[in-house]
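Two complexes follow with chain A in common, the first pairing it with chain B and the second with chain C.
Now for the complex of A and B:
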């Protein structure tokens, strides 16, 4: 049973048991006011109403899953960063309050790990969220107020939109669009417009430079990114994530080992990983918000819930970028049997995210001229070479293999 | 510089930094990080740590040397009301039995204190101590002025240290101007002064000739606090550095009877 099928069942149940009876009851009790209610009841009883409800359920479930993952990614980043810097990071949990109370009251302590207060600091995320929500929203005096509000809307909505676009498995997907990956990349490309808008509207030179850098970064990286993805699309013959993962699941290599796309297209994999890192604006490609050079980049003038949502949207984009990399090159949700495919998918995504976190605390930020040079002079030719390799694999090698009976390698 | 830049390869910009971070990550994840969870766990300060001051009132004799040596002048001697129990326990009797109205104990403005520890070093009785308490932050400046009684500590067994003259000075008398008022005796915190027959005879208005009593100092227990110099109404006392022998540097004339 797929997620959408489940949602449809739930929608039928809720429509039959709750929504339609309530609306009909309302129509019977208040006849003079009941014409829209009566029409709504008929609509919810029909197929269209149920499908609409099912869509609402599916999108909400995908959104909740994505937001949970967002909190976990932020927490993971903080903890790993802390350990790399020989710190502890957020440490306390709800249980620690009880232990603290025990110690203060002088009672016998419960069992504790290493004698410390327990927890890995999950509630720190809630504390930060509450703090950001309760802060004042400041709009600078000379800012363009309309665009200043529009920038966050463009950036955050296009980022949250990503959450419902990628499937966690062939059965757990809010949308299974045939052109799924193209839609994801299109949604990814909207965000720099929001960045540029925010940077311009802030009326601040640092914000402006940050927005401009974001545009420059987009120009130099979008082309090799899409070209490196083209190899995968050629191999699978589809833009659909489900088809791409099925192709990787079926392909085998020596001794029947799985041949996920990063083995034949290793060059494309490297190019894609560098480009997606630039796409989600993480270190070492965080030029738009280079906190050592520009104060906080294009988010300098933002505060309160807007700033928090900017940060959250960046992590959502990071999560979505890792998910795209997993679908394209790491075999998606393919994996040995006893672990569910959704868990396999999340494991691979988190592996990439942890790798990114380690990169963040290892390497220095790249310069603006270096980013253009790397994008145009190195990554673009490499991605073209990758496409040539894939064309050889898909078209030329099988043709000659038929003629001279070569072993079927690919 | 340009040649250096060319030499940087993938190993230098990516692999070696990753090695360092991964090593440090495993070290502090499976070992113990350097930091502690501060409000819950606290690091033990080193033995010589200088934190907030505490005064063992049973040992304090109110000599005021701590205020003398304080570089920031943040320590003042404040008169306090001693309870009967405190009077009984106080060492040397302090000023309790004397004509001076009240005993004095140190009070500190920690907003000015620089924790140099001179007050602890110079205290002749070991009453001034520095604890390892370091959480002195407060919301107002006035709250950092600690009154004398707030720094009082009671020990079950007070250590009795020998009185030592850390000031390396001792009082000396000009007997020509001494009027024999015995104020120095009343105010001496260690009772090291006695009044005895002086060297000078003075003629009173009535025509009588009377011997003026002079103070004599027991330099073995003098702590050099210069209280006697401060209270002297005739300015006949001054402080002189201690030389090798305990009696040198004094200007007390030898009484005629012994000469």
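Now for the complex of A and C:
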């Protein structure tokens, strides 16, 4: 059973048992309002209403799964960073709550935690969220107030949109667009517009330079990124994530080992991993918010929950980027049987994220002109070479293999 | 993009203190720069003229929090010359050990502050973890963690405590081991070298013209160290070398200035070991220290950041008539337009970090 089928069953049940009776009951007791309520009730009883309801359920489930993963990713980043730096990381949040309780009550609270505090640091994320919500939302005096508010909306909504776009397996998918990966990449590229908007609207030179850097960076990495993806599309003959993963599952190598795309297209894999790191703006490519020279870059003037949502959106983009890398090059949800495919998918995603965390905490940031040089002079030719290799595999070799009867390798 | 002025500071992550760097940028390229100092001026020299000679060591401690003992030592040397006081040999050895421990702590402080400038947060925590070891060592004889007030006119506050040598040796061994480990993370790292090599270049002769001294000058390949040239304490009896580095023929960049400090830390370890080997027994304080002085005295010492110059005039009373401090960083920061022009905006923290700014001593 797929996620959408499950949601449709749920939608039918809720429509039959709850929504339609309530709306009809309402129509009966408020006759003057009967027309819209009556139409709505009929609509929910029809096929269109149930499918819409099913979509809403599916999107919400995908969103909830994504948000749960977001909390896990943030916690993982904090813990691994702390271990790399010879620290322990967040682990003491309950103590803060307890002390707050003691302060408020004027005495020791009745509940206490036994033993050490390890393993509960994950609620530090909730504490940070609560803190951010209680902060004032400052808008600078001479800022462009409309664009200043629009910037975060563009950035955050386009990032959250990513969560429902990629499938966790062929049955767990909220959207099944035939050009799925193109839609994902399009959603990825909206965010720099938000960055540019909020950088410009802040009326702050640091913010503006951060926004400009974001635009310059987009130019340099987006082209090799898409070209390195083109190899995968050629091989699978489709933009659909499900088809791409199926192609990787069927391709085999020596001794029947699976030949996921990172083996034949190793160059493309390397180019893609570098570019997606720039796409999700992590160290060493987090130039738009280089805190050493630009204070906080384009987020300098933002405060409170807006700033916190910027951070959260960056992690969402990181998670989505790792998911795209998994689908394209690491075989997606393909894996041996006893483990469910969704778990395989998440395992691979988390492997990439942990790799990124290690990179983030062990290298410095590179310079704007260096990333432009890297993008245009090195990654672009490499991604073209990768496409040539794939064309050789897909078109040229089979053509000659037919003529001179060579063994079928690819 | 049109040219525009950006004001970095007085509160900015790049400044490492309280000063303003105004830069004129064309896009991302620096066209002009204009440093503004004086936010942290505490009029130390004038305050010192109202206090007795021996009281001023508390002020000199606060000149630079990262390298307080070297500044106090510089002042104490000048006062000793003014008063013509002989310092016992053991006190001289203890002073040298403290100075080199302080130099290690100061360079580690610098290295830790330099890494976030390049976007490398982990480096800061690593180097500051090691600095803590040396602060613990400095705390053992002096009793405080940051501002020691250990150098006294005519000697040192007290003798080294029992077991100090063993503890130092243990920490030095650990430290050398860790420096080798860090090499892979920093100087052998490709991205670290991309950020630091060929950035912020100036030649040795330029540096001398601009008044740049200390590790920044030795990073240009100029063999100039006041511990040798105008020797003090027992540096000439110790077995050590002046390190030099250069990025190319006669010029330095951020990477050579990073490496020269790493080399100097290794050299300081050598000096401390040799001091322990040669240290004699004896008193740690001169028997007779006058409180009044007349005449003038001038001493220069090799601070962690360059040449620290002290000029004192006494008028026969127990307070200095005039006291002048020349800080190495004041001239180095003032020369920054010369070595900032032409580089990118992102290079500003890399360059200004690499010269080891300390605003406390700059603004006095």
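The rule we apply is simple: the second predicted complex is superposed on the first by the 382 of 410 C-alpha atoms of A that agree within 3 Å, B and C clash if a C-alpha of one lies under 4 Å from a C-alpha of the other, contacts with A are read in each partner's own complex, and residues count from 1 in each chain.
As a working rule, contacts are C-beta pairs under 8 Å (C-beta built on N, C-alpha and C of every residue); 3 or more make two chains touch, one makes a residue touch a chain.
The structure presented is a predicted model; accordingly, all values stated were derived computationally and were not measured.
Undergrad: Going by the contact rule set out at the top, does A:369 touch chain B (first), chain C (second), both, or neither?
TA: second
Undergrad: For A:266, select first, second, both or neither according to whether it touches chain B, chain C, the two together, or no partner.
TA: A:266: touches no partner chain.
Undergrad: Thinking of the overlay built on chain A, is A:287 touched by chain B (first), by chain C (second), by both, or by neither?
TA: A:287: touches chain C, not chain B.
Undergrad: Classify the contacts of A:87 with the two partner chains as first (chain B alone), second (chain C alone), both, or neither.
TA: Both partners, chain B and chain C.
Undergrad: Looking at chain A, does chain C or chain B touch more of its residues?
TA: C
Undergrad: Examine A:361 and indicate which partner it touches, taking first as chain B and second as chain C; both and neither are also allowed.
TA: Both: A:361 reaches chain B and chain C.
Undergrad: Across the two complexes, what residues of chain A are contacted by chain B and by chain C?
TA: Comparing the two interfaces on chain A, one with chain B and one with chain C, the shared residues are 84-87, 361-364.
Undergrad: Which residues of chain A touch chain C in their complex?
TA: Where chain A meets chain C, its residues are 81, 84-87, 205-206, 209, 212-213, 283-284, 286-287, 290-295, 361-370.
Undergrad: Which residues of chain B touch chain A in their complex?
TA: 13-14, 17-18, 20-22, 24-25, 27-29, 33-35, 37, 40-41
Undergrad: Once bound in the complex, which stretches of chain C touch chain A?
TA: Those in contact with chain A are residues 1, 4, 6, 8, 12-14, 28, 115-122, 125-126, 129, 185, 189, 191-192, 194-195, 344-349.
Undergrad: List the residues on chain A that touch chain B in their complex, please.
TA: 80, 82-88, 91-92, 100, 116-117, 358-359, 361-364
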